[in-house]
Amino acid sequence: MQTYISGIPLNYYLSLAGILFSIGVLGVLTRRNAVIIFMAVELMLNSVNLVFIAFSKVLSIINGEVIVFFVMAIAAAEAGVGLAIVIAIHRQKKTSNVDEINLLKW
Amino acid sequence: MDWMLILVWALKSALLFFIIITGCAYYTLAERVVAGFIQDRRGPNRAGPLGLFQPLADGIKFLTKEEVFPVNVNKAMYLIAPAISIVCAIMAWSIIPFGGTIPLPPVLANAVGFPTIDLQVANPNTGILFMFAISSLSVYGIILAGWSSNNKYSLMGGIRSTAQMISYELPLGLSVVIVILLSGSLKLTEINDAQKGLWFIFTLPGLIAFFIFSVAMFAETNRLPFDLAEAESELVVGFHTEYGAFKFALFFIAEYMNMITMSCVVSLLFFGGYNVPFGILEGSELQPLVGLAFFIGKVLFFAFLFMWVRWTLPRFRYDQLMVLGWKKLIPWCLFNIVLASTYVVYWGKYWKGIFN
Amino acid sequence: MLNLTEIQPILFMILSAVTVGSALLVVLNKNPVASAIFLVLTFFSLAGIYALMNAIFIATMQVLVYAGAIMVLVVFVLMLLNLREETHQEIWSNPTKKTVIVLIVIAYSFLLLVSLKATKDSDPTVITNITSPNYEYKLSDSAESKVTVTGNTAAVGASTFIDYLLPFEIISILLLVAVIGAVIIAKKDAVKKG
Amino acid sequence: MLEYFPLVVLLPLIGFLVNGIHYRKMPNTAAAIIGTSAVLIPFFITLGSLTAYHPMSNNAPHLFTLLPWIHAGAFQVDFAYQVDQLSLYMTLIITGIGSLIHIYSAGYMHGDGGFNRFFAYLNLFIFSMLNLVLADNLVLMFLGWEGVGVCSYLLIGFDYHKTSAANAGMKAFITNRIGDVGFAVGIILTYWYLGSVKYVDIMAAMPAAIPFKEIINYVALAFFIGAIGKSAQIPLYVWLPDAMAGPTPVSALIHAATMVTAGVFMIARLNPIFLAADITSNYIAITGAVTAFFAATIGLFQTDIKKVLAYSTVSQLGYMFLAMGVGAYEAGMFHLMTHAFFKALMFLGSGSVIHAMHHEQDMRNMGNLKGYMKITWITFMIGTLAISGIPPFSGFFSKDLILEKAFGHHGIGHVIWAIGLAGAFCTAFYMFRLVFLTFYGKERIDHHVKEHLHESPWTITLPLVILAIGAAGAGLIQMPHLFFGGTHFLTDYFKPIFAPGREIVEGAWKITAEPHHMSESTELILLVVSICVALTGIILSYFVFQIKQSVPPSDEGFKGFPKVVYNKYYVDEIYEATIIKPLIRMSDWLSASVDKALIDGLVVGVGKFFMHISEIFRKIQTGIVGDYALSIVIGTIAILVVLLYGGF
């Protein structure tokens, strides 16, 4: 039993989203630069957006797309605040390597 | 039939491409002639009659020059930057409607299989938003050029220019919101149709929006009085300091193309686009063609305005630029949005019928 | 209208290949600015996939917001920080840690794909369609107050302002707060003056 | 003019905001002008509204809403106001006397560091007071009620660097709080039993509620407890004498003319409830009478000029409650008005004296001031004659009306009348004692002070003169038959307010709710008796303080019964020993045993428990973000494995 969107099976979209998400996880785990970790997180967000839209189309309801719209707005807010924090930290510690920012520990 | 449609699209695109490249070439010539006129001297007049072959000669010169790569540049980025600029500039054209639907002569109509043709390549229902999306990408061309050149003037110019474009995208977008409110649609064709009666420039919010838009327009295209990115006295020529030959030509063409795009957009958004005023020739087959003529006339006027302003006004200081953008234009835009909403809610039904 | 069903799978394959490839480059590239540019490319090709799915509004917003605004900000910050020298990654010099992490990620993606298969097998419903361009919305409970909108953009707009008005307002306030917060945090004298 | 009526409420608020926000920077003159006009303009608007409202013929109240406030189901409370005969009457008193006192304050507070703050507080007080009297529901009235309490606290403690003033403010606030609980309970009971807090609805619900006598008695009692606190009746009167620590204009405005009469106003406002509550009404009458007499006796031996006036205020308030208790609401409201005139006048007069004497308040250090301060002396004399009950001054008519109605009250009427008469005798005595000690007799003034002794500026004397005219003439609107056939303007004026309640009660119980009307001969006898009593008091006072020239001894010099009275019957000390000390001791015990040992022990114990646990687990917290992300991913993997292979 297959479900198609624009002639492409739904599972293709979901697989693509899964792969993208894994790549994002890889990025978050391996990279140490705060800005690049941020970018990897954006990648993960986008893979979820893809899933939202795929199901929105499959189920023929628009809500998924609205949620994606909101996710974008929140991503924008996150970008603004997150990058501001990176800049503030960089100004203080002259680094944006997250391993060197480890004061909050036991 | 399907393939015929694709063929027509391809033909339209190719034709459009040819037209804008030529248009840009002659725009550069026009700029030099106008500059000459304003500075009370003669412009280029050697190549061909009235200097008409000058752009051609320039093009050949750019193409045949040696491609120089400065040491320590990031080559991939260095090459990609001008490409991004020109691609974005051309893509923005894909959604601009130059005229309404033109009926084809019967012979042609039988050959292609449909009776009419739109003077527009694509008409997505996000319309003007699409154009903004594309033009917001053109920032990458500039910032990458500045960064990859490995030159501090270039980097400074790139960062300045980026900050300027990000800042002025806000008033630009917010003043377009007025037009969207007044017309109730994002599609450029529908915005045009909404001005069949009254041009938006003749409504109060539209007037304010036009002034804000025209200021932001100069800033977005990096033209005087806002050409901080290439302020010669401070930054050599900014982000394309290290560029030469054809790569420079691409930046150059992209800049002029953006100006023509902006002229088209401002005519479409505020000055009635390709409508024929007062319903002259209504219903006639000639009307779309006359409308096209009107539209081109408006675009030419705004293209001239760009040159006129460039050779008349001095450059702003950087802090003045930012203060103008963030502290003056944006508050005015926000006020204007409230005004326009009130306008649409309370008087919308009256003004829509005027002159129609 | 034009029937594109035959070329759609091809387009999808090209776009997804570009997406995955550039996403990998985002993560593996040593140069932060190049990473950012590849991320833009990823977003752009994702926008293409959205457009392929007939979600034209989201595709436009993807380009406008992600590629045009967020990533410009990221590139801008990268240039401000001037991260050229900081490409050395400690993690890659530690082979055991590297292996562990790669193994974990592989396990993770494997599990994701397997779970996908599991859902596919248990999915009882079949809905095969390209969604119609018309959407219906109820303004209130009465039967007459239905709004029919045409086009993806109008549908998303109607849903946003009818079903999701409160979240929309909350998000606008969130954005305002984020703007103010970003300005305060990134202000130069904020630390000195307290 | 009625359409401008919202301004009456809003202007004092605006005045408060302007003065309050800019109090650091504003020039004093500007603050005075803003503050005064924020009360004076409402006064004129109210005057205009009074003519526009046609109070003598109009029965329906004029209602208007400024703002919505609380809408919770059936419970609807707005910032809504009710303009009728009663509220207009009160508004006129508040804004009229209020603006005079504002003018007076401009002179009296001149040179004070907190000048602007003072005017801001005064305006806030006027705003709250107007809310209290103009509200169309009990909740808004409660807001005003609390508001005036707050202003009273702020103004008593105006010189907050003085410990005595700050303590007096707190004492007033806390004592009032006891009463406010009663008021709040009253509101809740009213809503519970009558289904609304709007006066109009309460009025409409009364006929059905009348048979439930017991409940109505409790409701009325709850409200009366509120009135006891605010209007300084036994046993909660103790704060008012201490409140004299505030500036004199405050004493005149808040603690004599307006705020303390809020309880009386409240009873008049809720007259249907109180009419139907017969037992509570009797209790009110007895409380009023006892307070009137008790406070008057304390006044006999006080030496501080303001303290004497304070106890006289408590005593006069007792008369008003006496009237309210016997159902003679018109008489109570009449006395409220005349008292506002003459007591404000006397307070302001004493303020003028204090001002001239450089803040000397002890009468033992005064004497023979009449030569130095002519206007103050004459106006003060008028006020004293009025309070002592000498015709034709206003106090005579109102006090006499109260005593007459009390005499006519069935049951305990005669006893109350007798107590009231004794109080009247004391009043006449101690008021003339005050006059003789202050304005006549030997000069006992410090010679430093004497050099600067002079009449006060016009801002002080002008209000005195205007108030003196009022104190002299205000009684003419309601006179007994024996005076030129009598006038009954006030009874006619208040008919729309009090008549419906009386009709309801009369209809339900088949009795006359008004006190008995008595024959003209009885009336005449009562009049003569009360005039004779007053004259006796005056003559006795003349004999003691003018002929014998006796002066009160120093604080230690009091012996025997006078010593007890001079120390206010040791009421404060008794309260201290019986209520406050045990309370403090109990709180100490609770804090030590329950709070510190039990609750703190529990909380700290829980905290210690987790501290020990976290000692073990805190090593997980490496501070490196990558480790956290890794643990999240591992967790997700675990969840996925469980979901896929766990058989769910």
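First chain written, first letter: the chains are A, B, C and D, and each begins at residue 1.
Quick note on the criterion: contacts are C-beta pairs under 8 Å (C-beta built on N, C-alpha and C of every residue); 3 or more make two chains touch, one makes a residue touch a chain.
Computed from a predicted structure; not experimentally measured.
Between the chain pairs A-D and B-C, more C-beta pairs are in contact across B-C. Our note on geometry: subunit C versus subunit D, Cα centroid distance of 68 Å, whole angstroms.
Centre to centre, using the average C-alpha position, subunit B and subunit C are separated by 28 Å.
Chain centres here are Cα averages; for subunit A and subunit B they lie 33 Å apart.
Counting partners per residue, subunit A has 25, 29, 32, 99 as the residues that reach two or more other chains. Within subunit D, contacts with two or more other chains are made by residues 626, 630, 633. A list of each chain pair in contact follows: A-C, A-D, B-C, C-D. The part of subunit A that touches subunit C in the complex is made up of residues 1-8, 11-16, 18-27, 29-33, 35-36, 38-40, 42-43, 46, 49-50, 53-54, 56-60, 62-63, 65-66, 68-70, 72-81, 83-88, 90-92, 95-97, 99. The part of subunit D that touches subunit A in the complex is made up of residues 618-619, 621-626, 629-630, 633. On the side of subunit D, the complex with subunit C involves touching residues 626, 630, 633-634, 636-637, 640-641, 643-644. Subunit C contributes residues 2-3, 31, 33-34, 37, 40, 56-57, 60-61, 63-64, 67-69, 72-73, 75-76, 79-80, 151-154 to its touches with subunit B in the complex.
Against subunit A, the residues of subunit C that register as touching in their complex are 5-6, 8-9, 12, 16, 19-20, 23-24, 26-27, 32, 35-36, 39, 42-43, 46, 49-50, 52-55, 57-58, 61-62, 65-66, 69-70, 73-74, 77-78, 80-81, 83, 86, 89-92, 98, 101-102, 104-105, 108-109, 112-113, 116, 120, 123-124, 126-132, 135, 152, 155-156, 159-160, 163-164, 167-168, 171, 174-175, 177-179, 181-183, 185-186, 188, 190-191.
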